[in-house]
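Okay, so chain A shows up in both of these, paired with chain B first and chain C after.
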Partner chain A sequence: MALKFNRNKHNSKIILDGERWERRLQKELMSLVREPPPGVVVDSDQGENLSLWTINMTGAEGTLYEGEHFTLQFKFSPKYPFDSPEVTFIGPNIPVHPHVYSNGHICLSILTDDWSPALSVQTVCLSIVSMLSSCKEKKRPPDNSFYVKTCNKNPKKTKWWYHDDTV
Partner chain B sequence: MFECNICLDTAKDAVVSMCGHLFCWPCLHQWLETRPMKQLCPVCKAAISKDKVIPLYGRGSKQQEDPRNKVPPRPAGQRTEPENTGFPGFGFGDGGFHMSFGIGAFPFGFITSTFNGGHEQRPHIFQDRGVVNPEDEVLSKLFLYVAITIFLWLLIA
Partner chain C sequence: MFAFESVFQCIFAPSSPRIWGTTENADNALSTNTSVVVPSDPAPPYMEVYYPVYYPSPSIARTGNQLTEDEQVKIALRIGLIQNLPEGKYGDCEINTECVICMIDFVVGDHVRYLPCLHTYHVRCIDDWLMRRFTCPSCMEPVDTGTFDWI
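Right, the complex of A and B next:
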């Protein structure tokens, strides 16, 4: 309690907001733990201030990723949910997919231009699950090696061109 | 049921958009400020603006303070008179009402796929749907007032 009070003093303009958005993240976490999308496993312990989550994902049965395990990282800025979360695949197994770069960056419009504060971790997970599930051929994006060498660490800094979304 | 679509809490100083989506006014206001050039409903992506949301007032419960005095102020409720006075567009603020009707009914996906050839939904399509650009609206109102002024001046002169 004392800690919270101190932090608020620094930034009096977002006192209410800060608590509000932390509450929203807490709510999201609860509902995600309670009713995760298929193949998604979330640990209810996501660190102290909830600004960094790791989510485990298993490739759905009957898809090219069946049985594979992936880890997604969500990074939330203080402006969440007005600002989209930074979402990347991390860990040893990055799915081989035409919209996923080998450094874990994901080309998905709801993560930048089409983000809306009515979206949530849950809906983002669902989009990623369906993006993987509808894949017909496992391959990297055509510009993978160039992109990985030149991109910013933060995928949100990339000006994505949402190419062929038939996959 | 009456949870804000942004903070996921019970809506506070609630407003509802023309497309029927509920928000706290402070939450929606912040979203409109975030992307001032692209004001879309967070839920359904219909065009949305400060003038086109309706505040909801529950019965009596806690009316100690007028929510509109808070910052940011919540837009006031609009009343359209039951009978048409025969001079449309004269009253302040009723232009918003007339123009906002045709918005909800268009099928999204149809236009999207036609214009983008299978790309993901891009927001620019909303400009093709007859949604009024806020700047145009201001401009057309300005012209209207100038016209009215000249008209009155002619009458007096």
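Right, the complex of A and C next:
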């Protein structure tokens, strides 16, 4: 049996519909500039096509990362928000954290398996801020050196195992 | 709504090349469309222009002619289920004021779809998502259609 797949309203459209998603990114950027999560600074100028953002983050007071500066990079595919953004720490200071690899990759389920288009750059930032703030001991993930040597450049290509937190 | 405080122990899965391979292939299929073995049926002419992409599971993307028969059945069923979800015109006094997928406020008369959890979205926004994953983006509940829970 071979079903014939016709071009219908359920497919082909995502690619042709870029404008709608550019509007969403524009809107997200404006609201993030206006009301950034604590410790987050976003420049309203993120280049022409909005597909690559740089976000600055400062470790919150009273946490292990107090006063440290970090830089996050968000990469959006043309299928955002159906596809999650690719989010990594970049630059000279990568936070030493049990869920952050020394190459900047972050192990956070909402960036892969638990992504939903109802999430946003804002909620991802909040989630990362909270991940850093709740850290009790600065250390790299146990498999850091192996992972960094063998992983794909794109953290979304990693099949993560998300275990309950035992840190 | 989302548990920000719950973080996860990171262990990636070096022992599952099968899963890595699948993701890799899906990606190639999207970008170059060359590395995946294409089954016997030649692509219908429109494919050369549009390359509609189907998601037999969230991380697997294939064009129509790359689907296995099982996947074709699964996707045909899913299209049927989506089309059976109630839709209508956005009215005056509804709970949801914004479609959280495109982040645009609803306007009276917008073509919307209602999920069983009562979350509302533009038809064109939610249908694109449901073709990938059969869950509500807002509450992450599986869309319960009663009979076909296994889709």
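In this section, the second predicted complex is superposed on the first by the 148 of 167 C-alpha atoms of A that agree within 3 Å, B and C clash if a C-alpha of one lies under 4 Å from a C-alpha of the other, contacts with A are read in each partner's own complex, and residues count from 1 in each chain.
Methods note: a contact is a pair of C-beta atoms (placed from the backbone, for glycine too) under 8 Å apart; a residue touches a chain by one contact, two chains touch by 3 or more.
Everything numeric in this text was worked out from a predicted model, so none of it was measured.
Contacts of A:157 after superposition: chain C is touched, whereas chain B is not reached.
In the superposition on chain A, contact of A:126 is made with chain C only, not with chain B. When the two structures are aligned on the shared chain, A:141 is found in touch with chain C, with no touch to chain B.
With both complexes placed on chain A, chain A has more residues touched by C than by the other of chain B and chain C. In the superposed model, A:109 lies in contact with both chain B and chain C. Contacts of A:44 after superposition on the shared chain: neither chain B nor chain C is touched. When the shared chain is aligned, chain C comes close enough to touch A:98, but chain B does not. Overlaid on A, the two complexes show chain B and chain C touching the same residues of chain A, namely 17, 20-21, 23-24, 27-28, 81-82, 109, 113-114, 116-119, 162-166. Chain B contributes residues 5-9, 21, 27, 30-31, 34, 40, 42-43, 45, 118-123 to its touches with chain A in the complex. Interface of chain C with chain A (complex): residues 2, 4-14, 16, 19-20, 23-24, 27, 41, 44, 46, 50-54, 58, 64, 67, 69, 72-73, 75-76, 79, 82, 100-104, 124-125, 127-129, 131-132, 135, 137-138, 140.
Every residue of chain A that touches chain C in the complex is listed here, in rising order: 1-5, 7-15, 17, 20-21, 23-24, 27-28, 81-82, 98-99, 101, 107-110, 113-114, 116-120, 123, 126-127, 130-131, 134, 141-143, 146-147, 150-151, 157-167.
The residues of chain A lying in touch with chain B in their complex are 17, 20-21, 23-24, 27-28, 79, 81-83, 109, 113-114, 116-119, 162-166.
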